[in-house]
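Pasting the structures here.
Common to both upcoming complexes is subunit A, partnered first by subunit B, then by subunit C.
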Partner chain A sequence: MIIKYLRIAKVEFEKTKEYFLNFIGQIIYLPMQFLLIYFLWKFVYSYNSQIGNYSFNDMIEYYLILTIVQSAIMPVGIITYEEWNDINQGNLNLYLSKPLFYPFYLCYRKIVLFLWNIIFGILFLIFANITILPWLKITLYIYNISLFILSSFLGFMIMFNLFFIVGTLTFWVENVLTLRDNVWNMIKIFSGEILPIAIFPSFIKKISVILPFQYIYYTPISVLQGKLTNEQLLDSIGFQIFWVIFMSIISLIMWKKGSVNYTSQGG
Partner chain B sequence: MIKKYIRLFKRFIVISFNQVYVFRFEFAMLLVHLLFNFSFIFIFWYTLLSIIPIFNGWQFSELALYTSIIFLGEGLGGIFFGFRDLPSKIIEGQLDKYLCRPINTLIAVLFEQVSIIYFLEQIIMSILLIILILLKYKISVSFLSILISLTVLVIGVLITNFIYGILTFLCFWVGRLEVVRELIMQLTGFKQYPLTIFPQKIQLLLTYVIPVAFVSYYPTVFLLEKQEMTLVFVFKLLIYLVIVFSVFVSVWRYGIKRYESNGG
Partner chain C sequence: MIKVSCVSKTYKVPKKTYKRSLKNIIIKPYTEVYAVNNISFNIEEGEIVGFVGLNGAGKTTTIKMLSGILTPTNGEITVLGYIPYKERREYTKKISVLMGQRSILFYDIPVIESLKFYKDVYELDNNEFKDRLDYLSGKLNLSSLLHIPVRKLSLGQRMKCEIVASILHNPKVIFLDEPTLGLDIISKQEILEFFRYLNQNFKTTIFLTTHDISDIDRFCKRIIIIDKGKIIYDGDINTIKERDKFKIVEITHTNSFDANNLITCNEYNLISKEEYKSKIRVKKDKLNEFIDFVLHENDILDININTISLEDILNGIYERSEHD
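And now, the complex of A and B:
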C-alpha cells in the first residue's frame, strides 16, 4: 500500500525539474508584480501611514508571502480540468481498474508539488529577507514558519476539495470549466488575494466569515506575519481543520454517488 | 473577398455559439463569470476609496467607468485571443492545416481559437455598464468625446495586440518564448490603475513602449473630458499604429517563411 504511493511520489519528484522551471518562471515575474504593488500602495500610503493594522511594509510583505502561498497552492486548481477530462474522455477507466483510490491519488500527487513549492518559497523568502528586501524585516522563526506550513497545507486541502467537488460535478453536468472559473473568482474576492480581508468593508468581512475561502490564503499569510493572537491562531487553524473535514466528507459522498453513474465514453 | 470573410466570420459565430450552448449549464456560468470579472474590480475600488477619500482626483464613479472601458477594450481585443496558443502550434507543426486552406493563415488561426460568444457578451456588458454608470452618477458626456474615446480605444487595442502578436511571432526564430512574452506583457497589469499615480518614467513607458495607457487611461480621460485631445496626440497615435502594424506584418511574413512544420 505504502510502496505504491512512495513510487508515485518518486515519479512526481522526477518531474521536479519542470516544477523548478515553473518556480523560476514565477520568480522572474515577481519584480514586475512588485513594481506595480509598490507604486500602488506607495500612492495609497501617501494619504494614510496606517491602513487597519497594516503599515506600508506590512502590505508589501503581505503580497510577497501571498505570491509564495499561491505558488504552492494554486497548481491544485488544475484538478478540476484533470477530473473533467478523465471523466469525459473515458480515461477514468484506467484509474478505476488500478488498485488506487482516484481522489486520494489526485490529492497525493499535488501534495508532492505543494511541498516542493512551499519549501522553495520559504527559502526564497529567507534569501530575500537577507539580501534584496532587508528593509521589510520579515520575522522568520522556526515556530511561525512551522505554523505557516501547517496552515498553508490546510489551505491547500480546502482548495483541493473545492476544485475536486467542482470536477466531480462533471458526472451530472458534463462541462464544469466555467463554473471552475467562477470558483476561482470567488476565491479571488474572499481569500485575501486582491486585498487583505481585514481592510475590506464590513459587509465583505461578514460574508468571508461564513465561507471557507479566507482560510486558503489570508490565514496562512496572517500566521506568518504574526497578525493573529494565540486565541485567534487556534480559532483559525481550528476552522481550517473543520473546513477540510467537512469538505472532504462532501467530496467523498459526491464521488461515491457520481462514480456509480459513470459511463465510459471512448475509454 | 471581404464577403467571403464576413461569411466565414458568421460561421465561426454560429460554431462558437453552439459550442457553448450545447452545455446549458456552461452557458449560464459564462454570464456569472462575466459578472464576477466586473465585481471584484469594483470591490477593489470601493474598498480603496473607503480608505482614501479620492484617488488622485478620481471618484468611485469615474474609476468604475475606467474599469468598464478596460473591459470593453479587452472584449474588442478578444479577436486576437488566438495569439496565446500560437507558439505551441508553430513548434508542434500544427500550422499545416491552416496553410493548406484557401484563406489567410493568420485569420484562420485567430478565428478558430476565439470564443466569439464570450467576447461578444463582454462587449455588450461593458457597454451596458458604461451607460448605467453614466446615468446613475449623472455624468454628462458629449457625442464628440464618446467618438474620440472609442477611436482611441480601438486604435489602442490594435496597437497592444499587434505588439503581442510581434512578440508571439518571434517564436518562429527562437522556439518557446512564452515566459519572455508574458514577462513583457505583465506590464499590461499597470492599465488597471490611472496612469498619473505612477512616476513620470513609468508613465512614458506605459504610453510609448507598452502603450497600455491607450486602452485604459486615455479613452477614459477623453470621455470624461479630463484632458483635451490635441493634434499632436492624434499624430503620435497614428504614427505609432502605422509603425507597429508594419512591423507586425513584416515579422509575420518573414516568420511564416521560416516555418518548418516539425512533426506536423
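And now, the complex of A and C:
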C-alpha cells in the first residue's frame, strides 16, 4: 500500500527535472535568504551586544537554522488552499474515485519536499560550518542532526495538520482562506518564526507553552542549537508527538465527517 | 450488477429571502433541493447504458453517487456487491470513472510517469502493467506519446492517455461522464469504438452520460432519461425513437407555400415550419401516399426523407415533461 505513496516522490522528482531552472533557483534561495538576515541583524547588533540571552552569533545561528527548517516545512502552507480549491472546484472527485486516501496523498507530496529540502539544508549547513562561517560553531554530530531531523519532521506534521484541519472546514464553510491567514499570523508570532520565543515578554512565553505553534520552528531550532537540557529535550519532543497524534486524530475525524458532506460542485 | 433503489440526493441552497436576525447572520438559513429524486434502476453485466438529461437534471450527481464520490441522502446503491460510498477503497479498484472535463494525468511530466503512478495506485505488478500497457497503447495507437509531457498533447491525444490510465486495472464497470466533450469527430469515433470493443470482448459494463445525443444514438442500446431529478424513461433506444413507425419528411418550398395544407389526416404532423422549409412527421405506412400527394404541389422544390433523430424525440419528451 505504501508503494503508491512512495511513487509520489518519483512524480515530484520528475516535476523538478521538467523545470530545472526553477530547481536551480531553489538551490540559490537559501544562501540569498541567509545573506539578507545576516545584514539585518548585523545592523541591529551594532547597537546591542546581547538581546535576551542571544548573542549576535546565537541569533545568526538561529536564523540560519530557521531558514533551513522553513524551507522544509513551508511547502505545507499551501495545503489549505489546495484542499479548499479541490473541494470547491470538484477536483476531489478524481481522488475519491480512486483507491487513494486524499489526506495521505497530500501529506506524502509534502513529505517528499520536506525530505528534499531538509537534506539539502543540512548539507548547506555543514558546508557553511566548515567554510565560510566557522565561527558559528554549531556542533554537528549524527546524534543531534538525527534529533533535529526528527524534531523538524514532527514540526512539519503539526503544521500539516493545522492547515489540513482549516482546509477540511471547506466542507462546511465555503471560504476558509481568511481563517488560514489568521492561522498564519498566529504561527508567525508563537512559533518563533519572527523572533526566538525566549526573547519575547513572559506572557507570550506562557501562552506559547499551551499552544502547538512553538513546536513547529522553535523546538527543532533549539534542538540543533543545543539550547535544551536532556530533560527539556525529552519534554519538547514528547509534546511534539502528543500534538501530532492529537491533531492527526482531529484531522481524520473531520475528514471522515466532511467527505460525507461533500457536494462536489462544478460538474 | 448495478442496483439503484429509491435513491435521492438533496443539496442545501441558501434561502434568497429570510428574516434578519443575529441567528440568521451567524448560520444562514437554507432550503433543501432535490438533485435526484427517488430514482431506481438495475443494470446487468455487459450492458451499455446511456444516461441522458439536460443541464442540472441530475446526471452527474447520479454518476457521482454510483462511483462512491457522493453519499446518497436516501435509498440504496450497490455496484458489484459493494456499497460505493461505504467501501470506497476496495470498490474503486474494480471500477473506473472517466470525467471528460477533468484530467487524472500529471500535467508537467511525461505520460508514462502518470501511468506508473496509477500502476501503483491499482497495485499492479510489473508484468501485468507491461502487458496491459502494450495492449492498450497498441489498441489506441499511442506508443509514441508515452514520453511526451501531458501539457504538450492535443485534447484527443490526452483523452486517449486518460483512458489508458483509467482502465489499466481492467475494471468491470466504467462510468463515463461526458467523455467526448470538446473532441473532434475522428477522436470521438475512435474513443467510442474503443469502449464498444471493451464491452464486446470483456463484457465491461458501461454507463455513459453525455450532452451529445449522437454518441448515445450510435453507442447505446438502452437509454435512461432523467429530468429534474426524476427518471422519465428507461428502456430500449429504438422503442423510444419509434424508428420503425415514423419518418421525417423535410420539404423545401417557396415563400408563399403554407405547409399546413399538407396536413390532411391524423397520420401527418407538422413538426416545424420556417419561411422556406417545413418538417412533417409521417407514419411509415402512409409515406408513399404522402410523397405522391406532395409531388403534385408546384410550390415544393425539394424533398428529403429521414429517420427521426433521437434529438427530436428527446425534445418532445422534455416538452411533455414540462407540461406535466
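Basically, the second predicted complex is superposed on the first by the 228 of 267 C-alpha atoms of A that agree within 3 Å, B and C clash if a C-alpha of one lies under 4 Å from a C-alpha of the other, contacts with A are read in each partner's own complex, and residues count from 1 in each chain.
Everything below uses one rule, namely that a residue touches a chain if its C-beta (ideal position, glycine included) is under 8 Å from a C-beta of that chain, and two chains touch if they have at least 3 such contacts.
All of these numbers come straight from a predicted model, not from anything done at the bench.
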| item | value |
| --- | --- |
| Which superposed partner A:N93 touches (first subunit B, second subunit C, both, neither) | second |
| Touched partner set for A:G226, first subunit B, second subunit C, both or neither | neither |
| Partner chain(s) touched by A:F39 [first = subunit B, second = subunit C, both, neither] | first |
| First, second, both or neither for A:G258, with subunit B first and subunit C second | neither |
| Subunit A positions touched by subunit B in one structure and by subunit C in the second | none |
| Of subunit C, residues touching subunit A in the complex | 11-12, 60-61, 64, 67-71, 85, 88-90, 92-93, 95, 97, 99, 101-102, 104, 106, 108-110, 113-114, 116-118, 120-123, 149 |
| In the complex with subunit B, residue positions of subunit A that touch it | 25, 28-29, 32-33, 36, 39-40, 43-44, 47-48, 51, 173-179, 181-182, 185-186, 188-189, 194-195, 199-201, 204 |
| In the complex, subunit B residues that touch subunit A | 23, 25-26, 29-30, 32-33, 36-37, 39-40, 43-44, 46-48, 50-53, 56, 179, 182-183, 186-187, 189-190, 193, 197-199, 202 |
| Parts of subunit A lying in touch with subunit C, wherever the complex brings them together | 1, 3-4, 6-8, 10-11, 14-15, 17-19, 90-94, 96-101, 260, 262-264, 267 |
